[in-house]
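In the two assemblies presented below, chain A is common to both, partnered first by chain B and then by chain C.
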Partner chain A sequence: MKPATIFNRWLGFAFTRPEPGSANWYFRRDKLAVVCLFAILFMIFVALAAPILTPYPEQGLGDPNLGEKFLPPSVAHPFGTDDLGRDVLARVMFGARSSLIASFAIVSVAMVFGSVLGAIAGYFGGWIDELIMRITDIFLAFPPLLLAITIATVLEPSLRNSILAVAVTWWPWYTRIVRAQAVTIRERNYVKAARSIGVNDATIIRRHILPNVLGPVLVQATLDLGSALLTIAGLSFLGLGIQPPTADWGVMVSDGREYVQSGRWWIGLFPGLAIFITTLSFNLLGDGVQTATDPRIRSV
Partner chain B sequence: MSILNYLIRRIGLALLVILGVMIITFFVSRVLPADPVRLFVGVRASEETVEAKRAEFGLDQPVPVQFLNYAGGILQGDFGISFRTKRPIVDDLKIFVPATLELVILSMVLAIVIGIPVGVIAAANRGGWIDQISRIVTIAGVSIPSFWLALLLQLLFFSTLDWLPLGGRLSREFIISNPIETVTGFYVIDGLVTGNFEAWRNALWHLVLPTFVLATYPISLTARMTRSSMLEVMSETYISAAQAAGLSRREILFKLALKNAIVPTLTVLGLVFAFSITGAILVEIVFSWPGLGTYVTESILSADFPVVMAVTLIVTVIYVAINLFIDILQATLDPRVRLGSQ
Partner chain C sequence: MSFLKVEGLHISFNTPHGVAEALRGVEFSVHEGAIFGVVGESGSGKSLTGKAILDLVPYPGRITSGRIFFENEDLRQKSERERRAMRGNQIGMIFQDPSAALNPVFTIEQQMMGIMKRHRAEAKKEMRAKALGLIHDVGLPDPERVMKSYPHELSGGMQQRVMIAMSLLLDAKLLIADEPTTALDVTIQAQILDLLKKLRDEKGLTIMLITHDMGVVAETCDEVAVFYAGEVVERGNAQEVLSNPQHDYTRALLAALPDGSRWDEAGEDSTRPLIEIQNLTQEYVSKSGLFGRTQTAVRILDQFNLTIYEGETLGVVGESGCGKSTLANTLMRLIPATAGEIRYDGSDILTLDGPALRQLRQHFQMVFQNPFTSLNPRMRVFDIVAEPLRTHRQLGSADLKVQVDRLIVECGLTADYADRYPHELSGGQAQRVAVARALALNPRFLILDEPTSALDVSVQDRIIKLLVDLQKKHQLTYLFISHDLGVVQQISDRIAVMFAGEIVELGTSEAVFTAPQHEYTQKLLAATPSLIRMKRDNSL
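And now, the complex of A and B:
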């Protein structure tokens, strides 16, 4: 792709004035959703630049600093220090990495896997459809957090395995959405035309079905980012996710529980606040995207 | 499709799901661990003890036979023995299941009495400031990590104000001198039935924070769902007709519109009920609530697979049963549901 094309397609979307009545135009009228988009971009920036932004990068990565245990918030340590004397702000910044990676990874894996299955079920119909959808029903009937806990228990606790455990519970939703769409797209004339000139099924699914279901799937993905983050934080809170000394928000809140009685509130408060703000931004963004792209619910 | 056919199809699917879950839990608890017997007897036991135990548990038989034994046991209420406590799992469940259900049911009550009215009022004031505030509060409600909210409330109401207990179901002095006798396992009921009002009040104080934390998500989701289905119903012509006929706003909202808007809300309530049973795991841990969540996490930490799988199975059965109930209720209330599945 030429640079000019990339500009028009992607950056142009952000910088040019949208046509009134388009989804982009509706989205930008939702100031709260736009603010949330920037909040998420800011979080991604913090996660990437954490080693430069904090004066204590080695503590962020896990090195103890036993001389400064349990210091309350101050100018030198705005979020205080934890049980090993590490700067909580630095830990929160580094903790953004695993949380963001996990939520994007869960949603991507579930989206790709679920969409392909849904497209296959909807396109072929018949017994293939029946089989895939009954398996989907079984997975949907399984309580997601519990299934994730079960899988994470059997596997070694790590970031990759916890992502896997949550993604396994997530794909059926995409299968349902895509199948419903694929069933109608299958009957369109361009698909029939492609089939009549002998295009093979895999190509039709790839070229005609999947691109046409992308819209609703991406909206669902945006809506799911927040709950994916909450679920992965819950797993690491239980000790089934990423392992210390790597910084992680869920693990940090879990550490904070031990200091409720001694009143050392800063250890658990700030990492939890980070989870809350990031999830809230994801959810408000998803809500804004959904409203902007759905003509039935956007208010005029 | 007649309602009978729909019922048969739906119940068949539910049974299929439960069978699927049983196969999964069986494989995880019996086949996946390198040697479950070794986990049970400990590393220092002799080879003979291991073999004796293996025969006792029937683990020397072929896998399909083992599965039939496992499934047969469960149908008779035998979930096996815990590696950790060495007690039959079913005895533990009798204590922990009511503790969890007590929390979940109370938080569902809150979701209904708070969530539905908030959704109706927000829809009636669409775009107004009440609607805006309720949008932000309810999105915040589904975004807040329950385990963190629990921690914050402990810091405020226990550490700072000292108004409410830190956790547990009952204070230690009551557990020792004046415990609530078990009738149903629900302290809210048992305390009253046995006339132990002191302990009953104490149990209520212990319920406040965990119930509120667990209810945050259900309340918010119910309010959001009620709002959007109310908006959908309000745009229909029969509402305009009622307005033209001069019915009061109150009558239109709560009598005409809510009646139809309640069907999708019911689905959400069912989903949320099921979600709360697993959501309770995180809340119970923070409040040291002696329920399924605490039981299952302690078992995870000690690699007590039979317990983890028994709890998974129980929760799934409850989950499937609720979904089945809601689907049937929906099909009864709204003929479009069963006609649509033709």
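And now, the complex of A and C:
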């Protein structure tokens, strides 16, 4: 495939004028969702360009600077400095990396794993369906946060393991959504047609089932990004996620908590605001995507 | 003075593409005590007109101009409150699918009493007596039992009768019936149409009958308005319009009706059997009771025998539930058979697996009823038609493109359709794509499962013609399944009439049509709307 073709197919929608009535067209009318999309794109940009944007990249990565402890916000340090004298703005920028990576990773792992299992369960039915769905029931029977904390405690605390811990509690939701869709799609005539042609089961699932459940799954994924970010920040706050000196919003809020009483509010406030804004943006973006793709709730 | 009069009715919809005009100056008038037919294809605005009279135009549509007079009162001048009182009280409506219009969790009695309580202050006893009387009037046996039934305990025909009874509860003078028989079997359709005529004669009811079927109009209507693209193109006395149509579109609609003539001259009779079905039995085990411990076997096909000869078109006719779809699915190896065998090329196809089954899949193909459900909405036409080739042949991308283009063109589309998605096609075009996919592997045997019944009449014609041409060119054998004798007769060499899992009559197309032997076949033929019979007898 030519690069131009690939570009047109995957990214063309962002640059061309959307066809009236398409999901893209409805989405662009939702100004709040578009603003949130840009907020998230801005966060991603900041995370990627953090070493260039801040004058204190080494502090962002964790080097202490004990000479400038607890400085309140100023021109040199717009967000102030923390207990080890590090620039809070630089820490927040570097912290965006782990937070965003974690939330995207959790949702992707859960979505891919859960969707494939759900499609298999829904398409084959019978004992395969029973087996897969009873396993998801077992996972859904535990309070998700408690399960994540348990898994994270057993494993070595690290970014990878905390992602894993949350993803394990997350996939059953996708399995349920996809299975419910797959059961109805299995009966569609185009699946029957593919079977009568002799297309094998794996190809039918990949070509006919999964693309047609993608819509609701992507909506759910966008809505989940916010909660994933919150959960991962929660794990870090409890000390079960990323370990110092790597910057992380959850860890920073946890550290800042000690100094609120003594009037050094900036240490915890700014990472908290970052969590708040990013989560809110993800949620509003998810709402926007849902409205744009569901003909029943959108209006002209 | 007229009973119902519509003047210059315009309705538009706000769409993302701008304002779309759905009705453009519709005008007609209906006389009291007449059955007024509104006929047209999907999207012509006929249902919308019915809804506009009841002030039920769906969002985002709105009436932009025009007047609707009912008994010389302008409905659009009335307040919302007055109009609501009018619905049901003066004007009743019934819909295509009665099972969707009845509430499944209430009995018929509860639903009927609920309607009367809302509008009337009569004593409960009198209301009940009235409901019983109406159920009797619409020809339902044992009204007491019907009153106590839930909708699912009644058949489709009975449900539609109940709907009619409900719409008459409040002494409506006008009944708007929107495709009241489309979801029903042919023999039931005839009964419902008879009932409408009886209500007109006995109760003086005025009926606005919305339909896509010219045959229904010929059978029932006194007056008719032909809708096309949001306008009334022709209106007048039904007999006159049918026998002497003025507008091109009306002529095309009438010409498209099956008239008992055949598309292809019967070829020399082939005697080489292609497929022999022997003692085929299909059972469903339905489980009921706690944990499904009570199991009852339902026989869909019982010791079924049928031979299909090479190069012929065998029409299979029957009503819903007679087992014709089960037969198709078994032949395609989509569901396993309970017992029996199907011989093709010297072997029993029911026992094939692995490479032999893959081989068989290339010889047997199927075209489904509704092309929009048989084409994957996320795939382009090119990938849809290429799928069988990718599955069975190893072709380079250049060869694949040549093959797909050839198939698309052969089925009457141009090669640039390859880039489209199914939703960008019309019903007829989508069905052509489905035919192209079925032909991709040069099959010998094609099952056509009601390939035209989801399409508008004028399109049906062209698809049938395409199928006939392709059969000649590729020496195909067809199994043509339909509930409509008229359509089957157009294309079939032989016809098999199925009833309750058995073939009750099998013979040449002419024999079945002109001299039906079995009682059920005679019933089916009698129920086929009279226009087809009239056309056949050259009385039109």
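For the reader, a short list of remarks on this structure follows.
Rule of thumb we're sticking to: the second predicted complex is superposed on the first by the 295 of 300 C-alpha atoms of A that agree within 3 Å, B and C clash if a C-alpha of one lies under 4 Å from a C-alpha of the other, contacts with A are read in each partner's own complex, and residues count from 1 in each chain.
What we mean here is this: a contact is a pair of C-beta atoms (placed from the backbone, for glycine too) under 8 Å apart; a residue touches a chain by one contact, two chains touch by 3 or more.
Small disclaimer: the values here were computed from a predicted structure and weren't measured.
Chain B and chain C, once both complexes are superposed via chain A, fit side by side.
Set against each other, chain B and chain C touch different numbers of residues in chain A, with B touching more. By the touch criterion defined above, A:257 lies against chain B but remains apart from chain C after alignment on the C-alpha atoms of chain A.
By the touch criterion defined above, A:49 reaches neither chain B nor chain C.
Vectors from the Cα centre of chain A to those of chain B and chain C enclose 90° in the overlay, to the nearest 10. Of the two partner chains placed by the overlay, only chain C lies in contact with A:211; chain B stays clear of it.
In the superposed pair of complexes, A:199 makes contact with chain C only, with no contact to chain B.
Once the two complexes are laid over each other on the shared chain, residue contacts for A:240 go to chain B alone; chain C is not touched.
By the touch criterion stated above, A:283 is placed in contact with chain B alone, chain C being left untouched. Of the two partner chains, chain C is the only one that A:190 touches; chain B does not reach it.
Of the two partner chains placed around the shared chain by superposition, chain C is the only one that A:25 touches, whereas chain B remains out of contact. Put simply, chain B and chain C get as close as 5 Å, counting only Cα atoms, in the superposed view.
When the two complexes are laid over each other on chain A, chain A has residues 299 in contact with both chain B and chain C.
Of all residues in chain C, only 14-18, 60, 329, 332-334, 357-358, 361-362, 364-366, 368-370, 373-379, 387-388, 391-392, 434, 437, 441 touch chain A in the complex they form. Listing the residues of chain A that touch chain B in their complex gives 32, 134, 137-138, 141-147, 149-150, 153-154, 226-227, 230, 233-234, 237-240, 250, 253-254, 256-257, 260-261, 263, 265, 268-269, 272-273, 275-276, 279-280, 282-284, 287, 297, 299. Remark: chain B residues 13-14, 16-17, 20-21, 24-25, 28, 32, 126-127, 136, 139-140, 142-148, 151-152, 154-155, 158-160, 166, 228, 231, 274-275, 277-279, 281-282, 285-286, 296-297, 300-301, 303, 305, 308-309, 311-312, 315-316, 319-320, 323 touch chain A in the complex. Interface residues of chain A facing chain C in the complex, by the touch rule stated above, are 20-21, 25-26, 188-190, 192-199, 203, 207-208, 211-212, 214, 299-300.
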